[in-house]
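All chains are identified by letter, namely A, B and C, in their written order; residue positions are counted from 1 within each chain.
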């Protein structure tokens, strides 16, 4: 168990990176506290797997340092870092039993047999695999195989962190939820630092205490699931998290008021004038728009209403700009004359994609 | 590091005899028998010149390539539907039939040499490229079925079902949809058919009057006094079709072997 | 999912069955017919019953002694080349690069001997091993070793074994290489994380992947070496004496050389039966190895 730190880290797969696009990971500094459950969230190609490989030692970063408990491990090979990894596809040793699989890392390190036995039993109990210890690993289902991969990490007492690389990819949908809950429980029980890479926001938000959102090689926000939802630091986070994602509308901002295509919208805070070269947008989540009537709010044309059973998603247009809002299941959405009222405290201002603080 | 050394040593071991053959093909017989040198001291193209100007040699190559290509085409044409049947259906005697086919791949050619001579003489095909092409089918057809069946089993059956639901007839589905899906497999099967037909000597010698390039070479060997330079040059030329085929299918080889079906 | 039962599939199999039957059944009938007859030439045959078979399996008879000796030489040859080619092939496959420009070069060089016509393989080694004009023979004899494959037993065996190793080890290596490549990188990464030694990686990850391909490789090599004809025929002609005469060479000598059809036919049948039974054993083992794999694959595919 350890505290992981990335210091001024950046990485490029090209030998001589020149342009920003050459960098797979842009400069970042980050600390992952001991015993935390973290998720690395982002779309394919955002650099999250590169970051994971840097942590596990499969890739050595071009610049910067990786520290485990303040010890520089940047150039240490994987086997000396004492980390464990659960891969996208279950990696188990086919010819061995579950027990032998769990004992494998300890046996390789020359741990005495009695101790191996005790550790394997302990971990098997934690993962609820006790009954299957004697079975051949090759015959098991994918979710059990993934648990064994995890077990091979946990069985080592000196393991500093467990890294997960999209571990639920090949798991049946109905088991995904269950396995995720189990991971969470195992995390609480073992108190191991865990880093979970995924492109699925539900997985990230339910597993992690803190989510690191990555976009195009950059860490755009680190925060609790709630922070990501309520105050996205970047329009990308707004889009990527939440379903439907945040509405981002080009606007001009003056003090406490924003103008969108001639419509006025109130902001909860007052803003300094923003550099005119920057692209100014406001962002408001569909959850914080409600239906209004009369002359208050934004006049929109409703295009479509999707009923999800618990709520209604209103797809509308504001003078050609798509905008989404959520309405309660019982509410009726009139065909015309619809207005949407935003909660001023929940409207954020972005300049070139970055959140502007008041 | 030691991996490199082992691999390099092995590759050198493979290349040396071939290099020696190439080396000799550029020497004349006096140099071959009188001096030992790692490269030709007086390089000459005389040996190659003789082969290209002598119609027997030229015809030999043509004849061999003809039956190899014929054999590859026949083998693939009959093996494709059969492999499909084996990969998709159970039918009366399927396992026995499959095993029987494989036994023919395993049967020693020497056993068949004489009866083939009788058989192909009886049907009037003796000394034609068709005789050799058909005779080689005995080991290439089972092989092609085996390889193709492996590739076809890798294609999910849902694809067939969807195509039938979409109103495709079997032949149209097979040609339009299925064959493109297993193009790799067809490439691999063609490669192995070509290879085994090209390297075979016994049948091609027994079923013809020394027409194939391989038998022309053996005849030269036994002719009065061995013309080493000429023999080496002919040997080098027989390497070329194989080398070309390997070069074109190098990406498929690994895939074909990956199925473990050779 | 079970394959559906459909006897009309026979129509698809028919062309294959016909073409192979044409090649296999008629000739085999001829062979069986010859095997029970004797001839004084001029196409005059008379019934000989099981006489040839009795001769063939009797070590004291001329034919039997000859056949059993050739069989023994063939078995020794197969066992020797297997015990060299299999470990060497595995070793080479483990040394091959997994990616990069080296892969294509390796594959091409390694596949090259496989595509050399078999008589040219013989020619290459006939030349290469000669003490007067061949690099190998010249080098070995200049090291002071008495080496002459045309008249010395040990040299002859050494040459044909080395030739077979040269010719076919790549097949085993390529098969194994393909087997190794089928394990994703994640397995190797996981093994590194688990602190596995090189040997543990081989035992836990690589060897299980090789099981199946090795079985096929061994089957093919055993069969092909057991019926080897062309290469030793070109190099040693079966000599010196009969010391490198395998069953195939002997068979062709009797059949096409002496036109002793009855003897040759009886020999063919016994030879073929030996090969078929060995093949059947391998086939059974192979389908059993496959069997537990199938449901697992199906399951993985569904997930």
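Following the convention adopted for this analysis, contacts are C-beta pairs under 8 Å (C-beta built on N, C-alpha and C of every residue); 3 or more make two chains touch, one makes a residue touch a chain.
Computed from a predicted model, the values in this text were never measured in an experiment.
Chain centre most remote from that of subunit C: A (centre = mean of CA atoms).
Among the pairs B-C and A-C, the greater number of C-beta contacts is found at B-C. Centre-to-centre, using mean CA coordinates, subunit A is 56 Å away from subunit C. Separating the centre of subunit B from that of subunit C, both taken as means of CA atoms, is a distance of 16 Å.
Subunit C has no residue in contact with two or more other chains. Chain contacts: subunit A has no residue touching two or more partner chains. Listing the residues of subunit C that touch subunit B in their complex gives 1-10, 12-13, 15-17, 19-20, 22-24, 26-28, 30-31, 88, 91-92, 94-96, 103-104, 106-120, 123-125, 127-128, 132-136, 138, 166, 169-171, 174-175, 177-179, 181-182, 212-213, 216, 220, 223, 226-227, 229-230, 234, 247-249, 251-252, 255-256, 261, 264-265, 268, 271-272, 275-276, 279-280, 283, 301. Those residues of subunit B that touch subunit C in the shared complex are 3-4, 6-7, 10-11, 13-18, 20-21, 24, 32-33, 36, 38, 74, 77-79, 81-82, 84-86, 88-92, 94, 97, 99, 101-104, 106-119, 134-135, 137-138, 141-142, 145, 156-157, 195, 198-202, 206, 213-214, 217-218, 221, 228, 231-232, 235, 238-239, 241-243, 245-247, 250-251, 253-262. Subunit C contributes residues 184, 186-187, 189-190, 192-197, 200, 204-205, 207-208, 292, 296, 299-300, 303 to its touches with subunit A in the complex. Partner subunit C is touched in their complex by these residues of subunit A: 56, 58, 77-79, 83-85, 87-89, 91, 93-96, 104-105, 108-109, 138-139, 141-142, 149, 152-153, 170-172.
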